[in-house]
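Next up, some structures in structure tokens.
The same subunit A turns up in both complexes below, where it pairs with subunit B and then with subunit C.
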Partner chain A sequence: MAIAAAKGRLIAVIGDEDTCVGFLLGGIGEMNKNRQPNFMVVDKNTSISEVEECFKRFLKRDDIDIILINQNVAEMIRHVIDNHNEPIPAVLEIPSKDHPYDASKDSILRRAKGMFSAEDTK
Partner chain B sequence: MEHTDKSAQLTQVCETLDELTLKQVDLVDEQLVLMSKLSSLLTGGFIDMAKSRYINGEKTVSTTQIPGEDSIIEAVITVDRDNMNKLAVSRNKEVNDPIKWFGVLVPTSLKQSQQAFQKVVEIAVEIVNIRREWLKSLDTLEEFKTLSSLKISK
Partner chain C sequence: MTKNTSSSDLRSELSDLVKRRIEVAETLANLERQIYAFEGSYLEDTQLYGNIIRGWDRYLNSTSKLSNPSSDKRNRKFKENERLFSKSSITSMAAVSGIIDLNSERAERSSETESQAGMSGSDENSRDFLGLEGVNGDKLGKVSKSRHINKRGSKKSKLKAQTLMKHRLAGAQKGHGLLKKKADALQMRFRSILKKIIDTKVLMGDVMKEAAFSLAEAKFATGDFNQVVLQNVTKAQIKVRSKKDNVAGVNLPVFESYQDGSDTYELAGLARGGQQLGKLKKNYQKAVTLLVELASLQTSFITLDKVIKVTNRRVNAIEHVIIPRIERTLAYIISELDELEREEFYRLKKIQDKKRISRAKAELEKAKRKAEGNIDDEAANILDDAHDEDVLF
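Up next, the complex of A and B:
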């Protein structure tokens, strides 16, 4: 994708009810007749494929530059997130009320893990 | 003569590798510090949400308050992207304040929760920007390692 300046891009949220309500309260929510909303509430009944489909839809949209996702939800679709290598939209894993942030699970931070091995110190 | 040339080159390569590696570690550290800040703010936001529910009732702060599928909501907070993919938060003051969805008289805790989430968004954007820089520096480091291992083997 061409690197071009863009204004008024959205922040999307995929997370549990409190996370979504919180960010919507904060003002990131958008919904209009033509598009789907830029948020998705994930609860215990939500299937992995629903989350995956939503994530992929957000990736395809050209008006979303950041996707915030609860880390425990990200775990459900880890393989999809690991395969996302474009800078835009940026995917940021965040903690939820019940699941603290774990840096070792973060898809992006894990890229550094393979970088340094014992070989390098020779 | 050739021997000292080579060892001088090698020293320089090692120094540059050290610099790049340190820069990389710094950037990861920055991200982790910010993420920790973000986590605390989020926790505060959730606690304030719980306080509001305690005052006004369970359902007063839930997805039932969010306008339904047929409504139109305009985002208050968006991001602008420049040519280098750097993001900046932008606020639209003309749009309806989402706090209005939660009732006419909202407790202070709900307003505080809102502020917490707004700050979280700002920190999230900061993290995204540092990450972009970090990933670029990782690439540079990787390239340099390949280059330098070619030089050393000669």
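Up next, the complex of A and C:
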């Protein structure tokens, strides 16, 4: 497990139940030694601070290189995501079942706002 | 006893020797005084005709013209350093006059700077004699020359500084050009990555939609398996590795996914809906690979952004701070050099003027003397005379 952590990094998921289940079936889920999962299910009862806490924890963990987050959840903790400038871990915003992908809300693309002239948003 | 007698003998011997030494020294001093006196009269008398020191050219010229006692007096001034005979002895001048001793200290100090110590060897007395009248002028001349050399030294160092500055300016400009090229290359890469990101994100949106749809299908077929899945998490099947990719000197991280271990959910859906579940799993795996690619693009994007900002900052710093500073220093150095040149030029002109004036005065005096019908006192011109009489010793 230690070797795996050294070489291979994990993909974390923060999102609604369906997204998490889907990705776990894809095979990214793992429980580490302290029984800590690399995913978090967010439903309508979850508070913002909880999500924030979880996100910060994932950032601190050195075996997580990619964090997938639903766009609606990302909206909740937009300020934390915007403060995160390091290239690793990479924070990717994915659409959920009820919220299709909105490029204007993506924090990465917002950084390059002045750059692209013709950008088609679906 | 014998020791006492021998010591007393020695003592008396010593006193005898000392007495003899004093006598000899007195004789020597007398002789030197006489030599000095005779030398003075010899030099004075033979000014007209030429002597062993000055040469005998005058002898040939002067026989044709008349002599006048008043002009003789003027010409009888001879330089002190022509006293060759006196100066050949180290003890001579101490005997002659006490005035010279007073100035010996001054002469000793100047003797350090003087390289030429006259005809005799390296001794202070003769230098005392030298140090005063005739050579004082030389000493001053030497001092001024050394100052002149120092000034030229600073000019040389200023020229060196100018070339140094020129090199620095060239270096700064070259660095500026190179950095600009690097910034441009990075910017191009940046734009291409951005375009790819946008495309991939749009694609990802589609893939996610499809995956979610297949999830709904599987749920419909199998029933609710959410809790089962969430509880049975043990080890990740797909993991990512990061590699470093070098672009224009920048290390960009690139992710690649790889499979590590077997599928935890292999037996899931065995009851019913296995095909749907399989399809679902495949869809999500496809989504994961796409997302990993997207993540790589995103990290390169962020890294490049930082590097481009730093490079641009450096380019601007060179362009607006360093190059103007060097240029200003260079301009200052050039102006200083120009000023030095102007000073030299002015000094030369002044000296020429003064020389001209003094020459005019001398001409005037000569003309006056000629008018009074005197001997011509043109200086012996070595170059003119074809018949140089051999100086026989």
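In this section, the second predicted complex is superposed on the first by the 105 of 122 C-alpha atoms of A that agree within 3 Å, B and C clash if a C-alpha of one lies under 4 Å from a C-alpha of the other, contacts with A are read in each partner's own complex, and residues count from 1 in each chain.
Here, a contact is a pair of C-beta atoms (placed from the backbone, for glycine too) under 8 Å apart; a residue touches a chain by one contact, two chains touch by 3 or more.
For clarity, every value in this text was computed on a predicted model and none was experimentally measured.
Engineer: For A:111, is the partner it touches subunit B (first), subunit C (second), both, or none of the two (neither)?
Structural biologist: Both partners, subunit B and subunit C.
Engineer: Quick one: is A:33 in contact with subunit B, with subunit C, with both, or with neither? Answer first, second, both or neither.
Structural biologist: first
Engineer: Answer with first, second, both or neither: which of subunit B and subunit C does A:53 touch in the superposed model?
Structural biologist: neither
Engineer: Check whether A:21 is in contact with subunit B, with subunit C, with both or with neither, and answer first, second, both or neither.
Structural biologist: both
Engineer: Tell me the contact category for A:90 with respect to subunit B and subunit C: first, second, both or neither.
Structural biologist: both
Engineer: Starting from the residues of subunit A touching subunit B, keep only those that also touch subunit C in the other complex, and list them.
Structural biologist: 4, 7-11, 17-18, 20-31, 37-38, 41, 65-66, 68, 87-88, 90, 92, 94-95, 97, 100-101, 103, 108-109, 111-112, 115-116, 120
Engineer: Touching residues of subunit A toward subunit B in the complex: what are they?
Structural biologist: 3-11, 17-18, 20-33, 37-38, 41, 65-66, 68, 87-88, 90, 92, 94-95, 97, 100-101, 103, 108-109, 111-112, 115-116, 120
Engineer: So in the complex, which bits of subunit B are touching subunit A?
Structural biologist: Those in contact with subunit A are residues 21, 24, 28, 31-32, 35, 38-39, 42-43, 45-46, 49, 61-63, 65-67, 69-85, 87, 90-91, 95, 97-99, 102, 110, 113-114, 116-118, 120-121, 124-125, 127-128, 131-132, 135, 138, 141-142, 145.
Engineer: List the residues on subunit A that touch subunit C in their complex, please.
Structural biologist: 4, 7-11, 17-31, 37-39, 41, 65-66, 68, 85-88, 90-92, 94-97, 100-101, 103, 106, 108-109, 111-112, 115-116, 119-120, 122
Engineer: Can you name the residues of subunit C that touch subunit A in the complex?
Structural biologist: Interface residues on subunit C, with respect to subunit A: 190-191, 194-195, 197-198, 201-202, 204-205, 208-209, 211-212, 215-216, 225-226, 229-230, 233-242, 253, 255, 258-260, 263-265, 268, 277, 280-281, 284-285, 287-288, 291-292, 294-296, 298-303, 305-306.
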